[in-house]
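Look for chain A in each of the two complexes below; its partner is chain B in the first and chain C in the second.
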Partner chain A sequence: MGVVDYIQTIIDGALFGATYSLIGIGFTLVFGVMQRINMSYASTSLAGAYCGLMGQHLLGLPLWCAFPLSIFASGLIGYLVYLTCFRFIPVASPLASLMATVGVLLFVEEMIVRATAGTPHNFPAIFEGNSIEIGAFVLRADLVGVFLVGVLTMILLMAVLFRARLGVATRAVAQQPIAAQLCGMRLQTVNGLTFVIAGLLGGVAGAMTGAAVGILSPLITIPVTVKGLIVTVIGGLGSIPGAIVAGLMVGAFENLFQALRSVSERDIYVMLLLFAFLVLRPGGIVSPGRGRD
Partner chain B sequence: MDFYYSLAQIIGFHTLLGLSAYVVLLTGQVSFAQGGFFAIGAYVAGMLTVISGWHVIPAMLAAGSIAALAACLVGFPALRVRGLMLVVATLAFGEAVRLFFFNFDYQVEKGGSKGGPLGGEGFRQIRWFPEHGWTTFEVMLLVLIVVGLVIGALWWIDRSRLGSVLRAVGEDELAAQSVGIDLTAVKVTAMTIGGFIAGVGGALYAHYTTYIEHTNFTVLLAVFAIAYPILGGLQSVFGTIVAVIFVQGILVEGLRFLGDWRSLLFGALIVLVMNLRPKGLIDGAAARRVARLLRREGRHA
Partner chain C sequence: MLLIIPDRGSNFTSIGRTLNAGFFAYADGGFPPSETRRGRCNPGTRLEEETSMRKSALLICSALVAAASLARVGAASAEERTVYIDGFGAKSGVVRSLGINSEAAMRAAVDLINSQGGVKLADGATGKIKFEYYDDRCVAEEGISIVRRMAAGPTLIGVGPSCSNVTEPLYGILQKKVGDATDSGLQFPVFTDVAIKIGLAKISEWSFRNVPSETEMYTTMYKWVKDTHPELKTLYAGVEENFSHSRASWYAVQKDAAPAAGFDVKGVTKWLVDDTNFAQQVREIKAANPDVLAVVAHSFTTCGLLKEMDRQHVKVKMLIGLTSSAIQETLTNCGKVAEGITIPTSFALLTPEAKAANERVAKYNGTLDIHSAGTYEAMFILKKLIEDQGVLAKPDTVQADRVKIRNGLAALKTTDGLLGTVDRTSDREAVKPYLYIAAKDSKWVVMHDMIKTKQAAN
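Our next item is the complex of A and B:
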């Protein structure tokens, strides 16, 4: 393999890594607001993508409908997760919330296995077209499309978080729940809406993962969960830009080691990357500011 | 009858798995690495009895010690972080161990056939018990004795100074630190004890099934490990045992007539239990009630 091949592998990986970034942002968003872990996030995102597929298969909707339907379904599932795992469990028992989301993870995975009889399904390629050639490098059109949608979603999310009233409320609740309540914000509503936003984002992430991989299979929920969590930690907890960079990085790293070693060993190196970060820079790429309580 | 003996053995391994997570959870750390330690114990013990021809009991202790060493080594970098980051670090460790065994080939010629782990094919023929003429009942007795010893040790730890220290760290790290408790030492100790228990459990499991492969030790196993103590409650070791019997005995075996639907039920049930009893099935109030009941019985007798 020459230098060009290495760079090509890294570029392909980074483009694919945009899907990891999206999942990582979802984990970060929920953790940033509630300070609790939602282990079911990646599986509910993929469940959203499955709902998109279902619309196409059962209702006979046109191809492009799969995408908006996934997003909508995922937002709804996000709110359901909030109701079942966070709304009625006291703040003082974070372990109970963690365990409940694991329960949802198992439930959703089993539902997918039941509904599809365990067989993989083709996910419609949202972007078709010729590969783009830049000099010696070839960019796969579908991966570029996934990457662009990912970037667009992130910009939209940043706009909501930093410009819209809801985003301001979300950030206020994240920093000081009690003070935010005293200022007249409804804690439960804001938290619930955060889950809806994270869910919508998860719908994009799930559909993009489906579009990038080409198939949806119940087998990919756990690996995507693990990768998403690794991206969250490498990026720095609660940091959206960190998650974006970490997602692209993990994607590139993974693809490089897949080319150098083999598919079955690839993930070991991603885990080693995580441990390197934990030892050398436990705060992640973008360490969250100190003094939060 | 053999069915009930195997069921008792399965409950035994899962109790060991749950208790290994229980020790770590006492210090307030959520570890998804227990499945990895279980796998290390299973592979090490299998290799010792199959390749080196050891007796099963020293092999079990050696497997536990190696798993404990691994736990100690993982503990140092992983326990610098807390909460979500620890969850991710331990989850990643568990998966890394699984992938390691997925790529691990070490076949040795023995008596005309090859033995030892063979990557994705798995590790076959760990037949120490049948080769030495143990009946299912005797194997079950061994498993139950080991489980009993571990429960006894944990029961004693809970009542000793170490137990109070572990719980103090779990309740409030800052307060524990300000009375002079070395947080890292306590957390790594808990992790090491947990690793040992999981390793011993894995060793017994490998010899019970006679065949292990990397898919036995996925994230799901780690999820089960922490599910038991959280479902059962961290008030005492008995919560974990109640949860294991509830899940393995009633949910997995008792509801067999429901077929595959019971896995669906399992996830939903966890959500329900956590909503109704966020502190676990046997929480502080329930434990006190049981203790009061026992005391009253004692007085009447």
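Our next item is the complex of A and C:
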């Protein structure tokens, strides 16, 4: 392989990493507000995408409807996850919430398997088959689309968090929950809305993952969960821009390691990268190296 | 014991019923009939008469005993026992469809057998097959646990599992060599229906399989491709590296079969069973520019790779697929980009038997395909063996019956299959009839019928 091939490999990986970024943003958003990890996030995102497909299969809706339906369904599922795993579990029992979300992850995965008999289902692609050629490099148009959607989503999320009243409340609850309550903010409402926003974002992520892969299968639930968590940690727990950068980086490194070594060793190096960040830069990629707090 | 002597209005049916219950009775409380009841008699002939009556009574008694015995035999013939055959495979998880189709095929076969009178047992009794299907979730530990439970109960034989990664360790807990007193492995026959990874049955003499031989199928297929397309010279392979069947199919079968047929193997690209990004692999294929691409992967990643090839506009002159991908799922998910992919398979709806079986299985919400067809056939093989090997299906003959079934399976040279006669090898594997099919307009069409070719050669 020549230099061009390696660069192309990195570009391919980074573009595919856009789907990891979207999942990572969802993980990090919930953690940023509640200081909890929602392990079921990736599976509920994909469940939302499956719900999007149901519009076509059960209601005969056009294929494009899969995208808004996925987002809506995922938002709803996000709120249900909040109710079942966070709302009634005491704040002092973070482990209980964590295990509850693991339970939801397995439950949702099994529900998908039951509903589909484990059979993969085609998901509509965006810009199917098209590619953008820049000199010697070829970019998958659909992945560029996913990347742009990821960036747009991040901008929108930032706008909500820093411009809207809901965002102010969300940040206030994340920073000082008791003070926020004393100022009249309803903690449960803000937390619930955070889960809905994260869920909507998850719907985008699930739909974009489905569009990028072209097929939805229960097979991809666990790998997407693992990648999302890695991205969240590398990006810095709670950091949205970090999740975006880390997603692209993990995708690129994954592809590069695969090209340099082999597919069977690929994940070893990704895990080593995670380990390196945990040891050398535990605050994540966009945080200052030391004394972050 | 009581004996009922029939009076008027009585009949042998009632005797038989009573005898079956194990009771004998005198009908009117006494025998022989007393003089007083017979009325007045001539005292001179009394002794002779008494002797004669005793002889008559003895004769009647003998006749009744004989009749009762006949009735008992008749009753035994009508006796019905239960033959327990259990299936197991993945009914949850991502390969759930394998278990669903296997269970449907088994239920369809069992119901047909039972509706046609069941199986004839060695002592003339009738056996009705009772069937349960267990979910091993494609996890080795689960599969082993299920088989241990079966072995501890009345199950005659276990049919399954569906995953090769369950089959291999499962065979490992069976007794390796029959009669080896030093081996405490399970003495329980397992007849595997779906798991296709080559050469597994040699692990234990209690293990048998009814799956196609990939060695046979791919060896002849590569030769056929070379014969029919001599212009094709180079081959590149894409292998699902962490799936035991895919790995075995390439490294133990196709890797040797392709060069043996005259192909120059340019290289191998690899991916994992749950991979979703194939950009790198497709670029490797593009760089190698092979005439033939062998996609040694299951439907999910086969479709992923072919879609990426379409995106990168990479084309090869011929696509060869893994036998497990010769299913509807491939056409549904990527029929357009899989156009022309040619795959050897041991099942197609070619014969009236196969079509009828497919209709029966559909009633149980399953599909008959390369995997479940083997399951369906297995049940009829077992029916024949139960009848031929003198299985009794009594609670105290369970282990003896298992040995009979094992020995019967081991002695089989051929069996009847949905597409024709299936040969059986000495290492307990099957060599099933097969053909080559290709995807055309999102349908599987037969490219070459090896069954007819072999018949013509013979």
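Criterion: the second predicted complex is superposed on the first by the 286 of 293 C-alpha atoms of A that agree within 3 Å, B and C clash if a C-alpha of one lies under 4 Å from a C-alpha of the other, contacts with A are read in each partner's own complex, and residues count from 1 in each chain.
We take it that a residue touches a chain if its C-beta (ideal position, glycine included) is under 8 Å from a C-beta of that chain, and two chains touch if they have at least 3 such contacts.
Keep in mind it's a predicted model, so treat the numbers as computed, not measured.
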item: Chain B versus chain C as contact partner of A:12, first or second or both or neither; value: second
item: Partner chain(s) touched by A:213 [first = chain B, second = chain C, both, neither]; value: second
item: Touched partner set for A:264, first chain B, second chain C, both or neither; value: both
item: Which of chain B and chain C A:138 touches, first, second, both or neither; value: second
item: Contacts of A:76 with chain B and chain C, given as first, second, both or neither; value: neither
item: Partner chain(s) touched by A:232 [first = chain B, second = chain C, both, neither]; value: first
item: First, second, both or neither for A:104, with chain B first and chain C second; value: first
item: Touching partner for A:90 - first (chain B), second (chain C), both, neither; value: first
item: Chain B and chain C footprints on chain A, overlapping residues; value: 110, 114, 222, 264
item: Contact footprint of chain C on chain A as seen in their complex; value: 5, 8-9, 12-13, 16, 110, 113-114, 117-122, 129, 131, 138, 140, 142, 209, 212-215, 217-220, 222-223, 251, 255, 258-259, 262-264
item: Contact footprint of chain A on chain C as seen in their complex; value: 92-97, 100, 241-242, 270-277, 279-280, 283, 287, 299-300, 303-304, 307, 310-313, 329, 332-334
item: Of chain A, residues touching chain B in the complex; value: 27, 31, 37, 39, 84-85, 88-90, 93, 95-100, 102-111, 114, 222, 225-226, 229-230, 232-233, 237, 264-265, 267-268, 270-272, 274-275, 278-279, 282
item: Complex interface listing, chain B residues touching chain A; value: 25, 30, 77-78, 80-81, 83-85, 87-89, 91-93, 95-96, 99-100, 102-103, 120, 218-220, 223, 226-227, 230-231, 260, 263-264, 266-271, 274-275, 278-279
